[in-house]
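Letters A, B, C, D and E name the chains as they come in the text, with residue numbers starting at 1 for each one.
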Amino acid sequence: MITIVFGVFLLTLLLIVAIAIVREQDLFTAVTLMGIFSLLMAANFFVLDAADVALTEAAVGAGISTVLLLGALALTPGRERSIPKGRWLALVVVTLTTLVVVHATFGNPRLGDPGAPVHQHVAPWYLEQTPELIGIPNVVTAVLGSFRAYDTLGEVIVVLTAGIGVLFLLGLPGAVGERRREELALGRTYLSHHLVPQVVGRLLIPFILLFALYVQFHGEYGPGGGFQAGAIFASAIILYALIEGEREALTVISPRLLVWMMAGGALLYGGVGVVTMLLGGNFLDYSVLAEDPVKGQQWGIIVIELGVGITVAGVLLAIYHAFAARGR
Amino acid sequence: MSLATQLPALQVAVPLLTAPLLVLLRGPGLAWAAACAASVMAFVIAISLTASVMTTGAISYAMGGWPGPYGIVLEIDALGTLVLLLVTGASTAALLSGRASLGLDIDAGRQHLFYAAWLIVLAGLSGIAITGDAFNVFVFMEISSLATYILIAAGPDRRALTATFKYLIMGTIGATFYLIGVGLVYMMTGTLNFADMESRIADVSDQRPILVAAGFISVGLALKAAVFPLHLWLPGAYTYAPHVVTAFLAACSTKVAIYVLLRFDFFLFQDNLVGHTMQFAVFLVPLAILGILVGSAVAMVESNLKRLLAFSSVAQIGYILLGASFANEAGLTAAVAHMFNHALAKGALFLAVAAIAMRVNGLRLQDIAGIGRRMPLTTAALAVAGASLVGVPGTAGFVSKWLLLQAAFAQGALGIAAVVVVIASSLAAVFYVWRIVECAYFGNAQAPGDAAAVVTEAPLPMLLGLWLVVIANVYFGLAPELPVSLAESAAADLLRHVP
Amino acid sequence: MSPADTILLALVLPLCGAVLIGLCGRWPNLRETITLLTATALAAVVWSLTPLIMDGGRPRLHITELFGGLEIAFSVEPLGMLFAALAATLWIVNSVYSIGYMRGNKEKHQTRFYICFAIAIAAALGVAFADNMLTLFLCYEILTLSTYPLVSHKGDAATVRSARVYLGILLGSSIGLLLPAIIWTYVATGTLTFTPGGIIDGFIDGPAVGLLLALYVFGVGKAAVMPMHRWLPAAMVAPTPVSALLHAVAVVKAGVFTVTKVIIYIFGVDELFAEPSGEWLLYAAAFTIIAASVIALRQQNLKRMLAYSTIGQLSYVILAAAVLTPLSEVGAAIHIVAHALGKITLFFAAGAIYTASKKTELHQLAGIGARMPWTMAAFTIAALSMIGVPPTGGFVSKWFILAGAFQTDNYVAIFTIILSTVLNAAYFLPIIFAAWFAKEAPGGKDHGEAPWPAVLALSITALGTLAFFFFNQPVLELESQLMARIE
Amino acid sequence: MFLAAAFAILVTMILAIARALVGPSVYDRVLAVNMFGTKTVLLLSVVTFLFGRPDFLDLALAYALINFIGVLAVLQFFENRHQDDADRAEDT
Amino acid sequence: MELFGLFNYWVFALLLMVGFYAVISRPNLIKKLLGLSIFQAAVFLLYITMDKVEGGTAPIIQKGVDDAIYSNPLPQVLILTAIVVGISTLALGLALVVRIYEAYGTIEEDEIQQQDLNR
């Protein structure tokens, strides 16, 4: 009941924001609204008991994707050209489709209906068997890391592909030594000139990094895991870049290291799969990693989550730097 | 556990894990060699999988040791191996022969990234072909799509960027539609495993969500498969991608989407939707026919070589769907066999185009005038592959066209209409292939001193790869046992799921 | 060597020849020697099969099975034997002639010419020996494609345009009509193997038979039944040896041969006779004969006139086959031979005239008999054969066709043959008359006979035309097997 | 009690969104976004107690940190754009 | 009140179409990508709506609580992957937009088409 009330409330706001995003012609405003959209979405996920997803949506939607969108906006015109009226056809198509989908929803199970088919099959098995077979409390992590580890490997590769793509299209900043001088010559300022963000930022960065590690290694017990940790880790470094300048950030984690992180995480993940094969199990069957299959599962999940975290952090940072370096 | 039992996992893992290694490599030569090695290995694995599927029947492999529907299970059947052969074969042929051509399009500093993306495409497409899990299909679809965008954006023309963007938008919409459909099916059945879905879907209490799911999945996959009228991304993407990439993608990428479409339709929707026994026939026949006609017609007037062939692909996709829409053994056999044979023909044609593009500026018909004298081997390959596309007897294209017509004849009045359409578009194919060949052999070459004067034969690896595919076209035209028997068992497999 | 191996050898020999010719392209003498040797060897191989066939043997060569019982296979039966022997034998003569013609006219791309020629012969033999409709179709298409470079040999814009018509009609009709016909047959009957007595009996009947027949007859564009005839005049842009062997013998005969074979072995004479919906074929053939003759009458260009004459003569074969009596089927087979000998001579003569004098138009031929007596003598003999005057081969075939027509009181056929004979005479006799007796127009080039290989070749074929009148017994015996099978 | 707090937060969220939508100046919007972020953190904290899973307070922490970075990114974007505009004004 | 149980699905449908509308009707490439993000977010909502069980809590098993009802973990796993796919697509799309702007000087689709036609 509370869920529904919260839900209706948040979702209505969500719709309003979404429509505003589409109507807004200033892209910067649209991007900031997109941040609100993500937060609303995340809050809604949380209300719907999806803690891991809520964390991810917040880290990705409100954090990383805002940064990326702003990075792209910095390189392109910030305003949408006003469009002529008369997109009626699109509107009609969209309205009709909506009506069809809404019509079909009347056949859906109601929100929270315990008798819905999704709660009868497969899912109960996960909830029952996870403590026994994997031995960790967070069932989401168990499913993600072991039962559907193959999907997660795919997910890592998707991230890697995005990294490869951005590097391919925009290139990574190479030597950064000269750049700072040029930037100064151009009169570019970083937030380092502003005392309050700088001090607060410097104070926060260690905590954010620590928090990233917490999310990484606490993922078996609470919401979180490699992907969220990687995103938070990347956010911390991006924060560092924002207040100290990219050059500083790139001396902390060099471009070469970024590439190694991108590939290394994926290889670590895949390597686990290969090792399980060599030990006589199926691909990604962690049970063979230790004497006790349950221990093996836990080891496997820890290692692959680490792989996920490394790749995600590397890719997101590489993408950020690629965008940031392009405009200079 | 022996190596043979691990082959299904290795099929995907080999290219998927070679790709990150390539990111680390410096130097285009090494990256190319590694990519080739991985691709050849994948091809060999695909061949051995095919052999074991043909002898012992379908193979399944539990990822992580978790049985379905709890874990992800790989299911390899005849149709899957056929698609696997296509994907790995096309990749191998294009990679082995395409190095020089790609070297012209992509600067050396970025080539290792390009080859990494190539392997990811290969892994993604193979992953789709062998998985038995609906959501896993989505993951691998996105893997291959994202990497495909990179490959296409590598095209030297700036229009490659806009074409890629268009493809990215439409491809993402397609994938998201698919995801919605899978979500709805999951909502009503509680499972993601194909086999499990199939056994549970008939008991679903309310069919409306399933019906909408069928709509979303069909439209989403049709977008990916470039089914008319959702083909708008295809001509641009094929035209402006690096030539070798076009050869690779044209041979297999849309077929993979059609493969998933067939699986969904015959495993889940056919006969399981109350009152919608034959949605395929009702919805797809007009689309297939329109696609065949429009694709052929545009190809007849198009003057850019790659664009012409791209529109011909739109028509050929129509053939495949037409065969499938008969929803019987003969029709499906024809459709599946045509997937294979069209891939051979189109792959060879685009490889030939890649070879020509290395030596000639521009790919309009007048640019290739008189090329037959300067590049006799390439042009001959182009002609033979063109014959296969037309369906001249003795080539692979003939076999599937025969099967398709044979299936259509057995369909009664509607079938006769289909026959007329297929024949008409074959004649159109004669026309547009002939325009190319005639221009290549008899067109007036540019004035001496122009670029054409120094045109020489394409480099040897390119020619070897090209002719290998061309010979495959002839071989499978005269001894079509492999594709036809695979197609027959694939058709039987699909129909087994329809009560 | 087993007979099956012999068939394989016959098919592979010209292909090997083509490869060797390609390798020796740089040494013209060697190249031409190879052509001649291949042709001779091929003729020997093909002829070596005849005794077996005469004795009723039907050797069979299986190459590969495609799917659903469809196979690529070859077998020899009397009609195919006759066609193959004809094509192989005339290839020797034609090669001799080609050497004279091509060198005499200093043509370019001679290597390509000989290669394509050899491939075309192989394809024609494939058509002749095909065991089923699929194999026949395969070879038929190869024949079309391999002759395209020959037709477009000159390579200038006008030639390419004509060649496009050639290819467009042949390829278009075969894919658009013949292929559906074949697939229809297969879907209905489950087989495509040529079987004495036909295969469609009991599977297709009623008006569908007529429709299927139409698909076949018009689908086989090479038979040049109107309105599918336009490629033949267009093909006259080719060098004359091509017109001679391919467009008087190999290609066009492949067309009428296919139609005859379809009538005998797919439909079955009896089945078709009992089915009134197939009767239209007779009228179509009759119309083509008359119309082509009338058009030939109006031609000014010698080769074009010969082309239209060919169209008419081809339909004789169709007509004969469509009369549907055993005698007329034999007549059809014999007419394939008789017309081949006559028409190749006529084309040889036309080419010889062109090589020697560069004359191509009919009105230029006045008085040429004095300058080129051998050539014009051959021309006269061949023209008389076309008309059907004894003692030439043309008489024999017309006799059999008429006899067949009288057997069933087929007055349409009888009337057509008589009328066309008159028309043939009307367009050939004035040329012969002018060549021998009219005065040469002043200011012409001073010339004698064409190069000796050309003259030798046309003399041989002219003698052949005469000889066929007297020594047609073996052919009759061979083809009467057809009659036996039919009855 | 928690429920009342939660509703109060929801109401302030509406206010923040209204400001973000209406504007008019960019600074209003940035401020609104920042404020909205803060409200989300609060809402989350309250809801964890409401649902009886206080261990999810981590999430609220993560939101707070990320929100901070987002706002800083926006600020830097402005700083640079402002600078660019100034450069352009100087150039012309 | 029973009908409010479907409210999430309705918002899913509306969001889907708001995003879709932006993608097909707006010529600005960045706007298209924003639309695409909304479009994908709608699907996340669809999946996450499924996982909720009345009276349930997040599927992180609490020690000592035996009778807890947990929500369905599977859709959450799927959506984690889908979110990653979404951000990857967005990053790649933005990189393309930047390159397109460098090549064409505009990011409005119709102006780009115009330029290509004029070449």
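Simple rule for what comes next: a residue touches a chain if its C-beta (ideal position, glycine included) is under 8 Å from a C-beta of that chain, and two chains touch if they have at least 3 such contacts.
In this text, all values refer to a predicted model and were calculated from it rather than measured experimentally.
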Touch-network distance, subunit A to subunit D, counted in steps: 1
Third chains touching both subunit E and subunit D: A
Residual chain clusters - subunit B taken out, nothing else repositioned: A, D, E | C
A-B compared against B-C, more contacting pairs: A-B
Central chain (by mean CA position): B
Subunit B and subunit C: spacing of chain centres that average the CA atoms, whole Å: 44
For subunit C paired with subunit D, centre-to-centre distance based on mean C-alpha positions, whole Å: 89
Subunit A-subunit E separation of Cα centroids, rounded to whole Å: 13
Chain centre separation in whole Å, for subunit C relative to subunit A (CA means): 75
Interface hub residues of subunit A, defined as touching at least two other chains: 51, 73, 101, 105-106, 108, 116, 118-119, 122-123, 126, 148, 151, 154-155, 158, 161-162, 165, 169, 222-223
Residue numbers of subunit E (touch at least two other chains): 16, 20, 50, 57-58, 60, 74-75, 78, 81, 85, 88-89, 92, 96-97, 99
Residues within subunit C bordering two or more other chains: none
Touching pairs - complete list by chain label: A-B, A-D, A-E, B-C, B-E, D-E
Subunit B contact footprint on subunit A (complex, rising order): 100-101, 103-109, 116-123, 125-126, 129, 146-151, 153-155, 157-158, 160-162, 164-165, 167-169, 171, 259-260, 262-264, 266-267, 270-271, 273-274, 277, 280-287
Of all residues in subunit D, those that touch subunit E in their complex: 51-53, 55-56
Of subunit C, residues touching subunit B in the complex: 63-67, 72, 134, 137-138, 141-142, 145, 152, 155, 160, 164, 167-168, 171-172, 175-176, 179-180, 183-184, 186-187
Complex contacts: residues of subunit B adjacent to subunit C: 387, 390-394, 399, 402-403, 405-406, 409-410, 419, 423-424, 426-427, 430, 434, 438, 442, 478-481, 484-485
Subunit E to subunit A touching residues, read off their complex: 1-2, 4-22, 24-28, 30-31, 34-35, 37-38, 41, 44-45, 48-63, 69-81, 83-92, 94-99, 101, 106-108
